[in-house]
Structures are given as structure tokens and as C-alpha cells.
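What follows is a set of structures for review.
In what follows, chain A forms one complex with chain B and a second complex with chain C.
Then we have the complex of A and B:
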């Protein structure tokens, strides 16, 4: 997508725009002078000719650069592709013992081929490639620790680290979680999620607590990790609202049953978003909130419909008469989404009661919703 | 005679400043646009997109497809939406009282059966006649309703949508396979994002197989080719520039992704305007600013939607006329924002720009065509000077087109044939 040589183009555009701005500015001044009879016609004509000349120069510059650039990059990209594929083939042959490993140092494209293979292959093959990447001794260290590297170069290096997945490189990544640039912070978090192993997982978790990433990005990082449990645990214990929300979401989605009890403690959280996230997590885990019936009843009476809807869905996991009775009542809730949640929950808890609701429920909206959910269940089956 | 002379003088002053300011803004927009597109291209990580898919880190999307008389293309379009690379989405086709066989084509192609669906009518719409579910695709829903216009159809779709994000697309459009993934990740990464607009490209001339764009080629006719330039300028310079300045007022109706909750809170699409896409975005801005909420509405260059552009002058004129009327309606409905510092750069820069240069642009242009012979007959015109000025205006126009095409072919190389690129660059611009 982003092709090499773009900097020259950016410089060219800047130059062109600057020239045009200058020409326009001068034109405005001279024309104004002319309109108010402060300047003569020759000066106005000269300014116009100058502006035309500058526009012509800008057009020539662009017209020359872009086709040349196309011709150059097309040839270069074809050549790079060929060399890349050759290196993939050479490394693949070496991997399966059909040829000797080409001796290092390897060029940039060889390293890209190695990273490509690392991304594709797992198990023993993956480990051998990992060792070869170490042998290649890439310059990521210099790029990430240096002061002069550009942002694209740092992003490239972080992505390469993410692909290489060398645990010892976590130390290079973690300082970037405190970087003032949010783009680099996010890239580092993604790389860290792929690289961290063993003790590194908690180190990453602690660094993420200080990273100030938005909750969606934190959730993404947790989902990326192969062993997210320690970080989810850490976030739930020591995190602020953003980290706790992400942890609760991840807990449910990753089905971390061992931390279900921790989620129950958020059922009484004063923050409604956290309370809802805890209910969602428990529902995803299929964890019955026994002993929290009173807390659920409070949520069921809350003015905010999203809290009522989540509490209704969670209630079904209790699988008792209390749940059945409340779900029946919730079918007449004024909110469409709560009625829907009640009907769905009743459908999983007691399909017979749902059938009965579809026939005789006093509230017509509740009755229609029960019929709808029954029909959808029949479609699915 | 003195008054006429004074008026003509005032007109000259006005045209001069109008020309200078407009071209200056265009150049500024090109600069911001380039920066924005370049930054986006640099920051986009294919690896992270792959991870998002593999690890289920996404937000499900409802695709809303309002359709009227589209019997010829509707099946291919719906097929293309159904074949998108996205883990969880639903397609809601809203047949807005079509008079041709659109609904029958859908029923046959997707084995539709009627369903008595209960749904929340959060936004009032024209009556719904029937709701159909497909026996082949569980994520396809077709709504048959009384005709009420595109905005009304979108509102009906919005009432039925289940997911937190919705994507409004035209029925004659095709989405790039990864378009949803690329646009929706922005909502996941930043809670403040309310809406994301992607790039629209003309579909004419493309090689399409089973609803998927296989390759882009330049279309045959001049009119269609010119619109490629027009779209490139509008998106890579215009919208990219405005987005970079945090003042994006338009997300094209052909492809935009929105938070459903935000749209419902805003009351859905307005049905009394033909510019419902722009109106919704302006309303998002207005409400968020009035409520003091932190929010973002952004353009992102890479999620691509392909759309069929008019191939004849009559259709093109009708389309542009509709867009222009829509613009005037939006400006009138939200006139309170104009020059109002309460709305920041929206009220002080973006809205005035749209009023003076987009809405009034054709008026100024037409006035020029009318006054040129008047000036000539009254002897107020200096031919040599006028020709030079015309050449300069032309030169600026070509330059801006070349900047846009340069951006398109350099950063987001989509026309693979070198000849097509050269043609775009030299001949068309």
C-alpha cells in the first residue's frame, strides 16, 4: 500500500502548494493595487505571467515526477517480489533439509521472507525460523532506541517484532507504551501482546496500566494475547474504569472461568458501564450469579434500559422459579430490548413457559415478543 | 452609468478575491489531504487487521441497503454484500415500494419467506407491508414497505437493525471485501468515533466477477472518466482535508459506517431533505457540540466502495442537481451554525466554505458566463489579460486534478495498468 519514495512526492506537493500560495498571494496584492489604481497595467500583467509561469513549473514538476516514479517503482516492485520469493524458497528448502542455510548476512528482503515464514509456520519449523531471525540480528534495536528514526521506521520495526515474536525483544517494546504518540503506543501494545511470554505477560500488563489507551484498544490487546488471564486479573484488581471494562469484556469473550468470581464483585459497581460489562461477562461464561439475586433485582428496576436488559438475560442462568417468575414479569417491560431479552432468556430456561406466554400473556407486546422468539427458535432448528 | 461602472468594479474585486481564496483553500486542502492519506497509509497494519479477524476483536455491523427500482442489479449487489470478509454482520434490504420486479427478484434469488417480525419502531416510517427472511442466508432480511424515499427506507432499516454499528450503502454499490473491517476497527479503537466515511470510486469499467471487483480499468466514455477525477479530488483532497481539520461535514450516502445508538438518539435520517446523508452528519456534529460531548467523525481513505456513476449527461445533471439541492437544504436547516463560534471551525470555516464555494459556486460561475459578453460589449474587458487569467484558472484546475490523481496512484495504487494511470494523469486532468 504505502510505497517507498512517497517522501519525495510529499516534498514535491509541499513545494507546489507553497509556490501556488505565493503566486496567489502576490496576484491578490497586485490586482488589488491595480483595481484601486495604485499600480499600472504592466505590473498586473507581469504578476499574472509570473503566476502562470509558476503554475507551469509546478505542472512540469508533477508531470515529470509521477510517470518516472511509476516506471521506477513498477520495475523495482517486480524485482523485489522475485527476490523475496527466491528467499522464501531458499529458506523453505533449508527448513526441510533439502539445501544448506544460506550464510548470513542476509539482505532486507531475506529478513522479510523469514518474517513471512515465521507468521505462517508453527511448532518446530516456527522455532527454527525464530532462531534464524536471531541469527540475522536485525537492526530493530537501533531503530527503536535511536532518536533520529522516523515514525514509519519505528512502526515498521514494531510490526517486525510482532511478527518475529522473540520474547527477549519485549524490553524494546515496553518503553513505547509510555510514548507520547498514541499511534506508536497502540502499535507497541499490539506487538507486546504477540511477543510477551512467561513473566513478560505481567510486565506487559503493568505497562498497559500506564499506557492510557482507550478501552476498545485495551480489549483488542487482551484478545490478541495467547495467555491473557494474568493481565485480565491485574486489570480487574488494579486498573481504572477503562482497564476494568476491557478486562470484563475479555473475561467473557475469552471464557476465563477461573476469574468469574471476580466479575461478580462488579455487579454492585456504581459505574453502570462496569456493572453492565460484568453482567455481560457472566452471561457469556454461563456463570449463575447465585447469592446476587437482590443485586440483580436492583438492576432490573433501574431506569436505564441497557442495565435492565443485561440483568434480565443473566437472570436465566439461575434456572429456578424465582428467575422464571421475574422473567415472566419482565415480558411486560416498556423497553423493546428488555422484553426481547426476557423472551430469549425464558426460551432457554423454560420453552414451555415461553409458549404459554405467546398464547396467554396479558400484555400484547410481551405476547408478540414471546411468539417472535419462539418462531426464530423454530427457524434456527 | 456611474452606478453600472461601480457595480462592475465591485464584481471584479469580488471575482478576484473569490478566485484567490477558493484556490488557496483547495491548495490547503490538498496539503492536509496528502498528510492525512499518507499518515493513514503508514499507520495501517495489515498484521493487525489479520489479528482482529482471527481473535474476534470486532463490532458486528448491520448493512442497510435501501432500494427502489433496481431489478437489474439488486441480486448481484446483495450477493456482493453477503460475500464480505467480516465475521458478524446482517444485510437488511429495504424495498421502498418498488414499481418493478425488485422484490420478486430478491424473493427468487434468496428464497425469501415472510416472517411476522416484532421490532422496535424507534423512528417513525411509512408502513411496512412485509418482512422476509432468507432460507439460504440467515443474515439476510428484506423489508417491503410503502414508498417514502431513501431516508425513510434507511430509517426502516435502522429500526430493524440489531448490531451496534450500521453501514448505509446504495443498492448499486459494491464494497471492497475488507471495507467493513477497515472502517469498523476505528470504532473499536476509539469510543468517541460516531461515524466513519470511506472512499467512493466509480465502478464503471471495472472487471466484476460474482459481485466482486476483480480489476479496475478506465471506462470507455469521457464523461465516466472525468468522474474518476472528480471523485479522486472530492475524496483525497476534499474529505481527507476536512477530516484532517476535524470538520468533515459529508459522509457519502453510498458508503458510511455509523454508531446505531448515535443515529437513533439523533432521530434517524430526516425525510424532508434530499441530502439526508450530509444532514445526518451535520446533525451529529451539532448535537454533540451543543451537548459538549467529545466525539469524532472521520474520513478514512482505504475502505473502498465502488459505485456506478452516470454515463449520460441527463442522469449526471439530475444527480448533481439533487446533490446541490440537498446541500442548500442542509445549509438552510442548520443556518444557526453558520459563522457561529459555538460550533468552532465547523461554524467558522466548514459551513461558510460550503455556502460560498460549494453552494454559491455555480451561481458565481454562471454569472461569469453571463457578464463576460456584457463586459466585452461595454469595452470593459482587456482580451489579452482575460485570456491570461483564464489560462491561469485552467492551470490551477489541472494542477489540483494532477495532485489528486498523483495521490491516488502513488499512495493507493488501484489502477494496475500503467496506461490507465498515464491516461488519468495526463489526458484527463
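Then we have the complex of A and C:
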């Protein structure tokens, strides 16, 4: 992909190479003529001087381009910032009725100022800015539906739609969730998360199920949404592994307590990543998986330490003798992370038992871990 | 006001001037730290600043300068942990962006009156 300024530089290099080729060609002809005594010495000297002059000019052009380009860019950036801030001032004054709203059409930087204001303000002011953005009637439609627009232009348009948060533009965004370019798909998903409202939230969720985005991207989209619960619910019911993993992660991080029961059903999932995500979600929610003790026991005996560590941490929420007894046993687990999780969970559930473990636990590593967690707790307090 | 985003700074400045206040702007950590030592009616504080954290400024104001100037945090960070940290350090209110100007003014007037 070409960056700004590179096209001009490429053209300049091409021009220099072409001029050098011409000069070299002329030199070959003149020197050949001289070799066969067809041309005199003055013509050869003149051709040589011309070639030298052209080479000098070419070198100066190439060397001067980069500092000139940087100077131009810097000046333009400063100018653009000044104009942008002037537009922010004008719109801000108009917002509070201290100046008349400049009549549209507004230049590009004015629209940028409006979009930034839209990102900054909500309430009455936010609604007025939303109306002004509609009044500006930006050409996003043309860029996103046209065939000739470049990838950067489409990305800019999607970013602008995300900033503008106009619900009616969701229809422009959703087709991009099926675009073959994954960068555009991700940008569209981010924009959709900001724009979708009401019924649009589930429309976006259904489109995301078909978008083939990786789990990390899906999680980011869920965290970006103002109302993620319907999409998390949809992903858990109808999604594949990627969507379900993202939904379980979001469920815990966004503290969606209404879906905690759904998360417990994934404690028995054959996919270890989903099982671990469900345990993390429940732990973040503080939801005790009562009735799932046998399922947790299976994870506690699993060969994969991340499953044992998550299951151990979750035991603390059960707050019963079963949990206390298992946590005591898990202090002798061969994994540092599991022992750590067991000691921390025991510290939450029953600090007295942890103190006892720090003194009399038969396994020296378990005893040391209990002592370390106790010491850290005393530092924190 | 300690704010590096020119859009937020301009909007808040316009509305504060309209309400009869005379805001002073610091756009980075170092200049804010210098200005904080002066006597202000209130401080509107962003958390992500060039050169440092707004929470460190709040800590400096309360623990080192030992000033009880009302502080309203205005930040893009929506995590509960950040909010709890700011309030524990002595901020009077924690507003997140995008924000409602009316709410900002109400908070400001309430805490300035209390101060």
C-alpha cells in the first residue's frame, strides 16, 4: 500500500532514472561517433558536461525531496490543527448560542471537528451535534458503496461512522462484515459496535456470527458495545467456539449476572478453552457453581494446569467443607500456578486453615506457598 | 483544567466562561504539577496525560500539597477500578467521556459550593 508522499517520490525517482538513461544514451552515441572520427572533440566535451549537469540536478532533486516533504507536511499539520481548532471553537460557540452556526457545506476539517465533538459530548449537546452531522451530509455512502475507493478511504469512512454513531448508518456497515479483506471486516465490526442501537444490536450480532473474526477481535467488539447482553446471549446460544469464548469472556468482564446460569453449562464443554473461559467468567461474577462439584473435580484432575488453576480458584466461591478439603489437597499440586490459586482461594475462604497450612502442611512447596500468600496479605493490609 | 484533548478543553472552556468562571488550562503532566500549587476553586482532571498520570497528580495534590481543592475527574477510562482508585485518592466525582455538560456543571457547582 502506498503511503502519503510515496507516489510523488516514486515518480521523481522514475524521472531521474529516465533522465539519466537519456544522458547515458547520448553519451554512448557521441563517444561512438568520436571513436569512429565522425564527431569532433568539442561535441564530446559538450555531451559530457550536459550529462554531468543532469546527474547533478538529479542528485539535488532526490536529496532535496525528503527535507522539503517533511517541511511541507509539518507546516500542513500545523495549519490543519489551527483550522481544526477554529472549527471546534465555532461549533462550541454555536452549541451554546453565542454565535450563529456557519452554514454548510463545511470543509473536511469542520466535519472532523464535529465528529470529535460527537465523541466527546452526550445529552442535549450530543443530540444537536448528531443533527449537525446529518446536516453536513458526508459522502460515506459513496465511499463505502463505490468500487473504486481505496482501502484507506474505506477505513477512514468506517472510522468516521463509528465516531458519528448514527443508527441509520448500520446498513452501510453490515455488508462489510462479509468483506474478503479481514482489516475492513474488523473496522466494520468496531464501527458497528459503536453505531448499533435497539434492533440493530441483534442485527449486528447475527452478522458477526458470519464474519469469521478471531476470538480476540470478537471480545473487543463485545466490550465496545453499550448494550452487549443480547449479543453475548446470541453468541452463547448460536455461536461456534470463537464466538462462545468471546461471549464467556465478555460475560465475566461486563458482569452480566443474568447470564451466569448459561455460563455454568459450559463447565462441561469438551473444549478446554471454553471450559476455562466459563470458569473465569463465573469467578469474575462471583457466582458459586453449586451442584457442579463433580464437574469441577474432573477439571481439578485434568492434566492441563490452566484448567486445574481455574477450577481451584472457583472453589473458593462454594464456601463449604468440600471446597475447603479440596483446596487443602490442591496445595500439593505439582504446578506453581495451581498451588498459588489454592492458597489464595483458601485465604479468601478460610484464613485460619491457610495459617495452619503455612505451619504444618506436609508438602514443603505447599507449605511455602501458603506462607507466601499469608505474608503478601499482611503487606497489603 | 488539566486536559490534553483540545476538543474537550475548548468545549469545557466555552461552557465555563459562559457560566462566569475563568478556567486555566494545563495540557500536560509537568505544567499541571506546577499550576496545582496555586489556589483554585476546583480542578477538572483528565487521567491520561502526556508525561504522566492524572492519578499521580491527584496523589500529589492530596498527599504532598495537602490541598482539599475539589477535583472532578473527567476521563475516557470506564473501568470501575480506576474510578474507585480516583475516589479513594480524594476525587469528588468521576465522569466518563462522552460526558454530559449539564452534569459536569452541576457537579462543579455542587462541589465548589461545598468547598
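Operating definition for what follows: the second predicted complex is superposed on the first by the 319 of 381 C-alpha atoms of A that agree within 3 Å, B and C clash if a C-alpha of one lies under 4 Å from a C-alpha of the other, contacts with A are read in each partner's own complex, and residues count from 1 in each chain.
Rule of thumb we're sticking to: a contact is a pair of C-beta atoms (placed from the backbone, for glycine too) under 8 Å apart; a residue touches a chain by one contact, two chains touch by 3 or more.
No experiment lies behind these values; they were computed from the predicted model shown.
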Task: Partner touching more residues of chain A, whether chain B or chain C - done: B
Open item on the list: Just checking: does A:352 make contact with chain B only, chain C only, both, or neither of them? Give me first, second, both or neither.
Closed with: neither
Task: Partner chain(s) touched by A:321 [first = chain B, second = chain C, both, neither] - done: neither
Open item on the list: Looking at A:294, would you say it contacts chain B, chain C, both, or neither? Reply first, second, both or neither.
Closed with: neither
- [ ] Mind working out whether A:85 is in touch with chain B, chain C, both or neither, as first, second, both or neither?
- [x] second
- [ ] Based on the superposed arrangement, let me know which partner A:9 touches: chain B (first), chain C (second), both, or neither?
- [x] first
Open item on the list: On the A-aligned overlay, A:214 touches which partner chain: chain B = first, chain C = second, or both, or neither?
Closed with: first
TODO: With the two complexes superposed on chain A, say which partner A:224 touches: chain B (first), chain C (second), both, or neither.
DONE: first
- [ ] Using the superposition on A, tell me which residues of chain A are in contact with chain B and, in the other complex, with chain C.
- [x] 119
Task: Complex contacts: residues of chain A adjacent to chain C - done: 81, 84-85, 88-89, 92-93, 95-96, 98, 113, 116-126
- [ ] Would you mind writing out the residues of chain A in touch with chain B in their complex?
- [x] 1-3, 5-6, 9-10, 13-14, 16-17, 20-21, 24-25, 27-28, 31-32, 35, 41, 44-45, 48-49, 51-52, 55-56, 58-59, 62-63, 66-67, 69-71, 74, 119, 151-152, 155, 159, 162-163, 183, 186-187, 190, 194, 214-217, 219-220, 223-224, 253, 336-337, 365, 368-369, 371-372, 375, 379-380
Open item on the list: With touch defined as at the start, can you tell me which chain B residues reach chain A in the complex?
Closed with: 9, 12-13, 16-17, 20, 23-24, 27-28, 30-31, 34-35, 38, 41-48, 51-52, 55-57, 115-120, 133, 138, 187-191, 302, 382, 384-385, 388-389, 391-392, 395-396, 398-399, 402-403, 405-406, 409-413, 418, 421-422, 425-426
Task: Footprint of chain A on chain C - complex, ascending - done: 5-8, 10-11, 14-15, 18, 97-103
